[in-house]
Amino acid sequence: MADDTTTAPEATEEEPVETDEAREQLLASFTEALGDSLVDSHILPGKDLWVRVSTEAWGEAAEVARDRLRARYFCFLSAIDWMPSPFGRSMDSEVDRIVSGDAAQAAEAAAMEQGVAGGETRFQVFARVAHVGEPGNFWGVTLKADVPEDTLAVPTWTKVYAGADWHEREAWEMFGISFTGHPGLRHIYLPGDFEGNPLRKDFPLLSRMVKPWPGIVDVEQFPDEGDDAEGEGSADSEGDAS
Amino acid sequence: MTPTLMFGLELAYWQETIIKVLLGLVALLLLTGGVVYLYLFKFVSFMQSRLGPMEAGPYGSLQLLAEVGKWLQKEDIATEKADRFVFRLAPAIVLASTFVLFAVIPAGPTAVVSDLGTGIYFVLAMSSLSVLGILMAGWASANKYALLGALRAAGQLIAYELPLVLAVVGVVIAAGSLNLQDIVAAQASGEIFGWDGIGNPFILTQIVGFTIFMIAVQAELTQSPFDMPIAESELVAGYQVEYSGIRFLIYFIAEFATAVAFAAIASTLFLGGWALPTAWGLGDGVMHVVGPIVISAKAVLLVGVVFWVRFTLPRFREDQLQTLAWKFLIPISLANIVATGVLKVVF
Amino acid sequence: MTAVTDRQKLQYIAAKAADSRVNVELETEGMTLNIGPQHPATHGTLRIVARLDGEQVVSAEPIAGYMHRGKEKLCEVRTYPQINTLINRIDWLGSFANEVPFILAAEQLMGIEAPPRAQWIRTMFFEMSRISNLILFLGDMGVQLGAVTPAFYAFRDREFVLNQIERVTGGRFHPNFDRIGGLKDDLPKGWIVDTKAVMERVRDFCDEIEELFMNAEIFSARTRGIGVIPADVAMQYGLSGANARASGIDWDLRRDAPSGLVHPELDWKVWTHPDGDSFARFWVRLQEVREASKMVDQICDGLPSGPIMAKVPRIIKVPAGEAWVSTENPLGEMGYYIVSKGDLTPFRLKIRSASFNNVSITPWLLRGVYVPDIITILASLYFILGDIDR
Amino acid sequence: MAKPQVPGIVKGLGITLKTAVETMFPDGPLKPPAPSKGAATVQYPHEKEEPAPRARGVIALKEDNCTACMLCARECPDWCIYIEAHKTLAPPRREGGKPRSVNALDRFDIDFSLCMYCGICVEVCPFEALFWSPEFEYSEVKIQDLLHDKSRLDQWMHTVPDFEPLEAGSEVKVKKVPR
């Protein structure tokens, strides 16, 4: 397929339906190259293009992007854990808990819906590549793929983009997603004997658990209103002396 | 041995030598301290648009005292795997090779510790002694950085011995003697095309020899364009990395004393040493006093040039350094010797 | 031979063992030299494990992570203004430039547009943080090669730029001045006149550095042809900014993908260099500082009047959605991928920092170079540790 | 290695010498040398540099403006503001009116060893009780002493400069510091 030198997407923001021909063409060339393994896609007119492919076609999507569409610049590769965090911001003040009661806690385990361009599994791996042509001709695309729950494995990109090596090591370390075919999956940031995957939503952020939140205090009630004992005793705002 | 007369006292030879050695040491340490303060603390700071130390003493003059005090009270440790004996001996050798140089440098008609017939030859031989000290330091401190630094130093110092020696040969041919006093005398009494207003300092006729000598001195002192052995941004402190306390102080003194020593030798060979041109008609009596001042001034001037180059230029890489020595400095100095020889015969 | 007591024998054996251990280590085919984590050449705590054969590097591998603060995890429990203070500590030298892409991404999600005066001042501070960042690089490149003096000139002239930033934002390194929808405050009186004088001084500094380095033989001997990165390898590893432009890639996000700043309205030039070696990277950055100072001058002259802040609700809840915005930061392309579920804090924040990719090329690049060249190449790639480790 | 021509290296040496001369003789070689004027550095304990009026040195608290609404303590990313207050009866505004119940501040501590000087508390305070002061000389020997209580924060109020007038073309209203 001849390389379609697409013009830079001019941000024509006409109201009704903003067709963004440049990105439409891109999407067309993607679907034509990948066929049915291109599961879903989304265009934000004038701004960005998302393309979601099936897990098996993840490696092939890289080749298509680099060779057929000449997107030779590797921007980054990472992952998202779509499970809502069971911990919240551990900044729930007394009054919120009283007002909304424990219902707020129950809402946490709400349904887990994926963001742009959908997806089924909890983990999704996403990467961004860009085409750098002559001045002015620059476009980027974000590729996404689901990570199967059971194997948590996705084909590696290091054969296509050598720069993906470090990014995949980081994703493996932070999310526990392994990349089949990667030359050496080992820790890049964390010490060798670190267990657990920090960026998973169920990994607690200890620094906030250890110290009570100073914002939790509330103004004491009238000390001289009721009898003194009750006033002092029930003052629950024990501002901690750090 | 006939007692020699010194300051009107009857002194045996050994007493005279002790006094001269003590005077020489005091003069050397004072000069080194002055040079360190003047250049390392003040002139370099002005070059970098800052003031340098101002707290210790008026205008930071007692800063060197503070530094020496600091180093003396620091603990002198050696790494566990270090080869203790060699590790402790190394700084002493480097310092010895520097102090020995001063035995020969004349500072006045009779103010020289021992006026050797082959003065300059002795100087060049002794100056290559420091390589041993550096190798011992690097090898004994069982530290990879020190090892790298020492091996680089070995390669560099040996490579720059040759240009140093060959540059001096030109002067020796022009002066016709190896004795430093004769070289000084030759420059004081010589004249250029019949005019002896400023004598004939060899820098004028031996300008090529002078530049090669100064480049070689820059390399001998492992100063900046050639400071591979102590490359702060790579080997942190090269062979000195494991030293602390008084041993590091010895290296510090040795480094600057060698700078002063080589500057004094360079001024003796090329700038006329302690003597002012005989045409100015200053008798020997006066020169006893003026001599040391003149040589100190010239030495301080040349050390200034060394520091000026040190704090401006980036450093050579190892192989570029060697190429410069073997492929450029040595051939040029050989050509210089031939030219001097031919001109000597013709005129 | 006197009777040799056991103690002496043990001492003798121990001494021999000590010697042999030292010798064994030297005669092995290579030496593993750890450069860092505490080392003057790494801008922070980066450790490079280099297997050496004599002075030449067989293989070298940087080990990052000594300064990993877990920014992406922290950002998931912080509101948007609080994240703003966190992210200007990633690339702490050009810290205003860190805030801009994050704020632009949040504005894109919220559909808010900063008023023109705010955009112009934002671009001005974006370029001023580039100047303060790259001036330090120009001085630091000298120190890595052994010339101590340029670093002092760099710090001396950089103070003026930092003073100007401090007069407006209150912070020298961490301005925390950018807000969703505009800026926190406006310029104090008389600030623009002083800034133009400072820009004049910046250009004098550039000429001084050019004279000190450009035609000095030792500098070009140490940097020309060292650490050559061909264009396609640079693209594969995702090198961006001056490192990419030095390998002949004519690409600048300020011109090719203007996101929210006013660069298209200024006239400036993108400098590239065909060689791709350390000298080229130094040269491109030197020209970039000059261009940035000209840009600030143009902004000072053409600054429109008007409000500094758009209408923004007090409690900022970003509507659900995903946004990616990247800008041309001093170190390269820096981008933020915000995934928001509509509440106070972002659901996931991917921070794409330039130095991470710029340094990931070193294992490929450092094969077969001399030890001093490791330092030259690392200095010319110009990474900041906070940028790598996040 | 190219044969070292003179100009490159000599030009570099020229620059360092020029700077040395500029530092030593800031007002021309004829005048006496005055390096302290020529150097770019300031001898700190003796000469002090004036920080910019907007510099974020320390946070000052105007105690009677504070109504203990806890907003700053909640918004602080480092959790370093600790507030305790209780309700009291304040005299009515108009005589004969009902006494008003008002929050009285018991404790308002900012732990400057945790604070990262982001300024969110100063910005978020609805009652203009927190201000920035460019004061920076409050280092302590013990880290506990960096916990400034409300009386000390009140003292900083005297060092808070007035807000500067703004550049031409800006439409932001210049606020006034309640003295």
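Letters A, B, C and D name the chains as they come in the text, with residue numbers starting at 1 for each one.
One rule holds in what follows: a residue touches a chain if its C-beta (ideal position, glycine included) is under 8 Å from a C-beta of that chain, and two chains touch if they have at least 3 such contacts.
Small disclaimer: the values here were computed from a predicted structure and weren't measured.
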Central chain (distance from its CA mean to the mean of all protein CA atoms): C
Between B-C and A-C, the pair joined by more C-beta contacts: A-C
Chain whose Cα centroid lies at the greatest distance from that of chain D: B
Chain centre separation (chain A, chain C; CA means) in Å: 25
Separation of mean Cα positions, chain C and chain B [Å, integer]: 43
For chain A paired with chain B, centre-to-centre distance based on mean C-alpha positions, whole Å: 65
Chain A and chain D, separation of their C-alpha mean positions in angstrom: 37
Multi-partner residues of chain C (at least 2 other chains): 78, 147, 149, 153, 156, 212, 216, 218, 221
Where chain A touches two or more other chains at once, by residue number: 91
Multi-partner residues of chain D (each touching 2 or more other chains): 1, 4, 9, 12, 15-16, 19, 40, 75
Contact pairs between chains, per stated definition: A-C, A-D, B-C, B-D, C-D
Sites on chain D touched by chain A in the complex: 68, 70, 73-76, 79-87, 101, 103, 107, 111, 147
Chain C-facing residues of chain D, complex: 1-2, 4-5, 7-9, 11-12, 14-16, 19, 40, 51-56, 75, 77, 116-120, 123, 132, 164-172
List of chain C residues in touch with chain B within their complex: 18, 21-22, 26, 31, 33, 39-41, 55, 142-149, 152-153, 156, 212, 216, 218-219, 221-222, 370-375
Parts of chain A lying in touch with chain C, wherever the complex brings them together: 8, 47-48, 50, 72-76, 78, 80-81, 84-85, 89-91, 115-116, 126, 128, 132, 134-138, 140, 142, 161-163, 165-166, 174, 187-191, 198-199, 203, 205, 208
Chain D-touching residues of chain B, taken from the complex the two chains share: 43, 45-51, 54, 308-309, 311-313, 320, 323-324, 327-328
